[in-house]
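The next part holds the structures, each set out as structure tokens.
Below, chain A partners chain B and then partners chain C, in two separate complexes.
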Partner chain A sequence: MITNALSVARIVRLAVLSLGALLFLAPYIFMVSTAGKAQSEIFSSSLSLIPEQWSYIENFSKALSRVSMTTLLFNGVVVCALIFVIQIVVAIPCAYAMAKLKFRAARAMMVLVMLGLLVPIHATALPIYVAFDKLSVLNSYAALVAPFSISVFAIFLFLQFFRAMPDDLIHAARLDGMSEAGIVARVIVPNAWPAITAFAIFSVVAHWNDLFWPLIVVTNQDYATPPLGLLFFRAAEAGDDYGALMAATLIITLPLVSAFLLAQKRFVEGITMTGLKG
Partner chain B sequence: MASVAAFETALAEPATREARIAWLLALPAILLLFLFILLPTLAVIVLGFTDFELGYGSFRFVGFENYAELFGDRTFRRSLWNTAVYTAIVTPVSIVLALAIAMLIEAETKGRAFFRTVYFLPVASLLVAMATVWQFLFHPTIGPINTFLALFGIAGPNWLGASGTVLYGLSIIGVWQSVGFNMVLFLAGLTAIPRELYSAAEVDGARSWFDRFRLVTWPMLGPTTLFVTTISIINSVKVFETVKTLTEGGPNKASEVLLFTIYQEGFVYLRVGYASAMTVVFLLILVVLMFLQYRVLDRKVHYA
Partner chain C sequence: MSVLSLDGITKSYGGNAILKGVSLEAEVGEFIALVGPSGCGKSTLLRIVAGLDHGDTGEIVIGGRSVVRKAAADRNVAMVFQSYALYPHLTAGENIAVPLAMRRLTAAQRLPFVGNVLPGQKQIRTDIQRQVKEMALALKIDHLLDRKPGQMSGGQRQRVALARAMVRRPAVFLMDEPLSNLDANLRVHARGEIVDLHRRAGVPTLYVTHDQSEALSMADRVAVMIGGNLLQLANPKEIYDNPSHVEVARFLGQPKINVVETRTDAAGIVRFGDLVLMANRGQAPDAPVKLAVRPEFVRFSPQGAGRLSARVERMEFLGSEVIVHARLDAIGEVMTSKSAPAEAASLAIGQPVDVEIMPERAMLFDHEGARLPAEPLAVAATREKIHG
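On to the complex of A and B.
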């Protein structure tokens, strides 16, 4: 059996893991280091990680002045929050009906959900874009959020979760005279927090990072989400001012990474749960 | 017993009422599912048979003309090929690395949480932002990778700027980004293996590390591996962010990938009909992949 003693195998294992960890962290290390270097020092291509002259303030003020980072982060939060709340409000009652109510269309719904799981936004983007263009709703929060209002994956995940819930819980609530909507709100939701948190993490990570859809429907910087905003910033920066670019990158990566570091156990559990169910 | 009687009456309530409530609860989801998934999917299939271009009022049905054009379209063929090469590199490498890391972490008693966090970090990082960092790392003259290689007298390539290496550069980013996700799934799979199986295998003479892996770990991880493989392939086929951010399909179309080509045709050149035909091909690839997964799963269930 494995003991805590430092056997040779264990030293090798730790060495391999540490080296790998260093390689995986390297981009972050260089990001933080380069964000503090002056242009001339970056072009001297030295491998030293600590800036000779600390240019953090310069680079960060450049990053903050070119593109409004606060707008980007605000848009990201608004879009992700709207998407998540709508997805939950739409999916939970539907999954409850399919799992716990006698409902003849449930089977047909199941087929639709399974089909829906196959179709990513990339496949439906063209017609939705054409429709949004005709309705002149491009460049709006509505355009960013609407296509994701329905998450068949959420229905699928909650369906599995609800099926495992004891029927007695629901019968008891009915005997107490609760309406079905009341049961969803006051019995199902409080008991579904693990699934809801897991889905929240899945949904926020996916939509915070998504570039494809925002790129299609947003050309106005005022509605840019973080990935799109960074693309605009790159275009404005003409690519070579790596100090400012790394500072911008750092600002934009920080929110989700700190959320992850603060709640990393939840994150990993959430991704595992949604990953394995998907 | 009073509660049982009440329970009975609750059950005796007309089933139609329950069905009506069920419909009401499911209605928003059903409507949105039709509006944003079913209808657009059908529309994309129909549009694939038209010459619709955004900005022109009228369009006509052209039958399979778009598909015939696709076959002869060198950009599209290049794009399919590049996507296949990218997938063929990223999927196996990220799976093998993820499994190895997961097993090393699982065997370790201390520092588990630390290593898990580090390897998972790229999954929680904004890919467009990290791609920008990788662009700097890959920079032919001032990039740390080539500076490091120069220490050993190796002249590093122009990673993202040369048509011979651009796909490898993108693949490295792809592997870096996806290993953590696969690792977490493997870790869950590994923890689910009952410890007794290892002791039993040892009793049966599986002395070496490799024997235990071959006899217990690998077979027990079968379903996880199958799932990780499918999801990795699908994610690789969907590569877009890094290409759009770093190379725009260049140089010389050496990094044209499926979604990027669809994006260019449909949303930049606005040739919606033609791009729809490409989308149908993309969708077919996904359907075939899912079908293959079900087939393998099916066989496992029946013959295992």
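On to the complex of A and C.
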């Protein structure tokens, strides 16, 4: 009886989960399918997931040849890596100081971090754009990276995580002769991997997929990030060649999807851990 | 010569005085237990000595040098924390090696990769490894060196924490309730071990605990702190038999000391049942005083017709001893007696009893709690009885 009831509950659960997964995956599946269809088939009235005539090779070669996909991917990697590294280098010492050191400005900093969390990028986009224009740094990696170098979200996330770390650990490190920088490097960071991984997901996903900011500061194809590159591709080359467009989209989403699948376990650990800790 | 001296340490948090001028001196190789109820400031004091916190005023001298303005790392003190505070990402061996590596290797030599090729680094590392091994052998944890703290039991972690503190031979050892996270059996065992280790190392130790039996059994001298004041610092026997303050008397001893509020008469004499005490050589006439006597010096005998009668309310059998609580008929207060089971065999709950107090063991304190000298006047009392 019990096993029966359990298995019924299991089936219901699995069904609900599968339905949800299908709902979320549908656009992606449709994209994969479209990437393999010829132009005529895409615009035909019949809707089928499996292409009648496999044109993957044709579409992918179009996508790869008409736009320099390697430049796009390289830009994406460089921009995301720079943003992530700078965010970590800034946010970890800052969060450590706010969580574990006593100083007068701590309260004011906390208020500023909270305010920072409330202000969306769209509100500050115009002033930053004007400033970058005056400094003539538009169309550069600096323009893509600089506005995101200080992440209040990262500070907030690490702050919560570091607060849960025992004070005695830091006291012990101090007595053992470590400087504050030494404590951050030798004690805090090695014990903060779950939080760093969790933040890495948020940061890399957000900036890899970001279209808004690159669209504002980049007009030169050489600095285009993948989503912006797609836009250029669509506007200039493909027109309504959705097969090639979907193939290109597939290529630029592939790095994130494969990275997630490879490190799935660690990512989930990281998110649940920081989630539980506040 | 004192190795560690504290003079008038004060500390307050937001107008709340935590330490109100604590002074203390530790001699070479001395083990001092700081004991007191929670919130009495003992841990704060330890942190101030360690340099993890800063006192508002006061002087700290370690090995003849003032360290008040020095950082924790430069004070040459080692500390064992209540939570052990082992680095979770390092193995036991690496944990023990950290204080040595931080002191002996230069910043450049500690760098990963780069440090490995610098001259002299290898020699120092092997030296450190040898010392870690020695320390581990002394503490019988050599088989644990490759384990991470998460894979060890509480007792093992505690030893690793001890090893990490001892390995660099500090000038002063500070221990903040290092045994409170162990189970009761292990705790008693670890007490003996810490005392042995301390004897061998000969490093003066400040040991914070809220457990009076730990303090009395381990320490050369016990410092009782209550409400931010160090009330008394003396060897365990002295502090138990001869407390200088009623709070010290109340804090030490299990079961608690009996304290009765009473008054001296015009001649400065306290009468309590058969007990007659001259307070402060008659210098405290007509004043409120506290009469205190430890339960082991109170005896209940089953007549119940004497000058001080009581009724047994509760009996606790503890194996080697029996604790009897009886309510005094005259003033309605409960007195406690501790005696051998054979002596208490004739008592039963609800039974009227006579209270007998050993006169030379009764202590007097003034209304503020300070100790008053008291002489038993048994003879005088008898005389008075005859004349009166």
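We adopt the following convention: the second predicted complex is superposed on the first by the 235 of 278 C-alpha atoms of A that agree within 3 Å, B and C clash if a C-alpha of one lies under 4 Å from a C-alpha of the other, contacts with A are read in each partner's own complex, and residues count from 1 in each chain.
Convention: a contact is a pair of C-beta atoms (placed from the backbone, for glycine too) under 8 Å apart; a residue touches a chain by one contact, two chains touch by 3 or more.
Predicted model only: the values in this text are computed from it and were never measured.
Contacts of A:212 after superposition on the shared chain: chain B is touched, whereas chain C is not. Of the two partner chains placed by the overlay, chain B and chain C both lie in contact with A:171. Once the two complexes are overlaid on the shared chain, A:91 sits against chain B while remaining clear of chain C. In the superposition on chain A, contact of A:128 is made with chain B only, not with chain C. The partner of chain A that touches more of its residues, comparing chain B with chain C, is B. In the superposition on chain A, A:191 makes contact with chain C only, not with chain B.
Under the contact criterion defined above, the residues of chain A that touch both chain B in one complex and chain C in the other are 171, 174-175.
Within the complex formed with chain C, the residues of chain A that make contact are 166, 168-169, 171-178, 182, 186-187, 190-191. Of all residues in chain B, only 3, 6-7, 10, 15, 18-19, 21-23, 25-26, 28-30, 32-33, 35-41, 43-44, 47, 54, 101, 104-105, 107-111, 113-130, 132-134, 136-137, 139, 141-144, 147-148, 151, 176, 179-181, 184-185, 187-188, 224, 227, 231, 238, 240-241, 244-245, 259, 262-263, 266-267, 272, 275-276, 279, 282-283, 286-287, 290 touch chain A in the complex they form. Listed in rising order, the residues of chain A touching chain B in the complex are 2, 4, 10, 13-14, 16-17, 20-21, 24-28, 30-31, 34, 42-43, 45-47, 89-91, 93-94, 96-98, 101-106, 109, 112-113, 115-116, 118-120, 122-130, 133, 146-147, 149-150, 152, 155, 171, 174-175, 180-181, 184, 205, 208-209, 211-212, 215-216, 226-227, 230-231, 234, 242, 245-246, 248-249, 252-253, 256-257, 259-261, 264-265, 267-268, 271-272, 275-276, 278. The touching residues of chain C, when paired with chain A in their complex, are 47, 50-52, 71-73, 77-79, 81-83, 85-89, 98-99, 102-103, 164.
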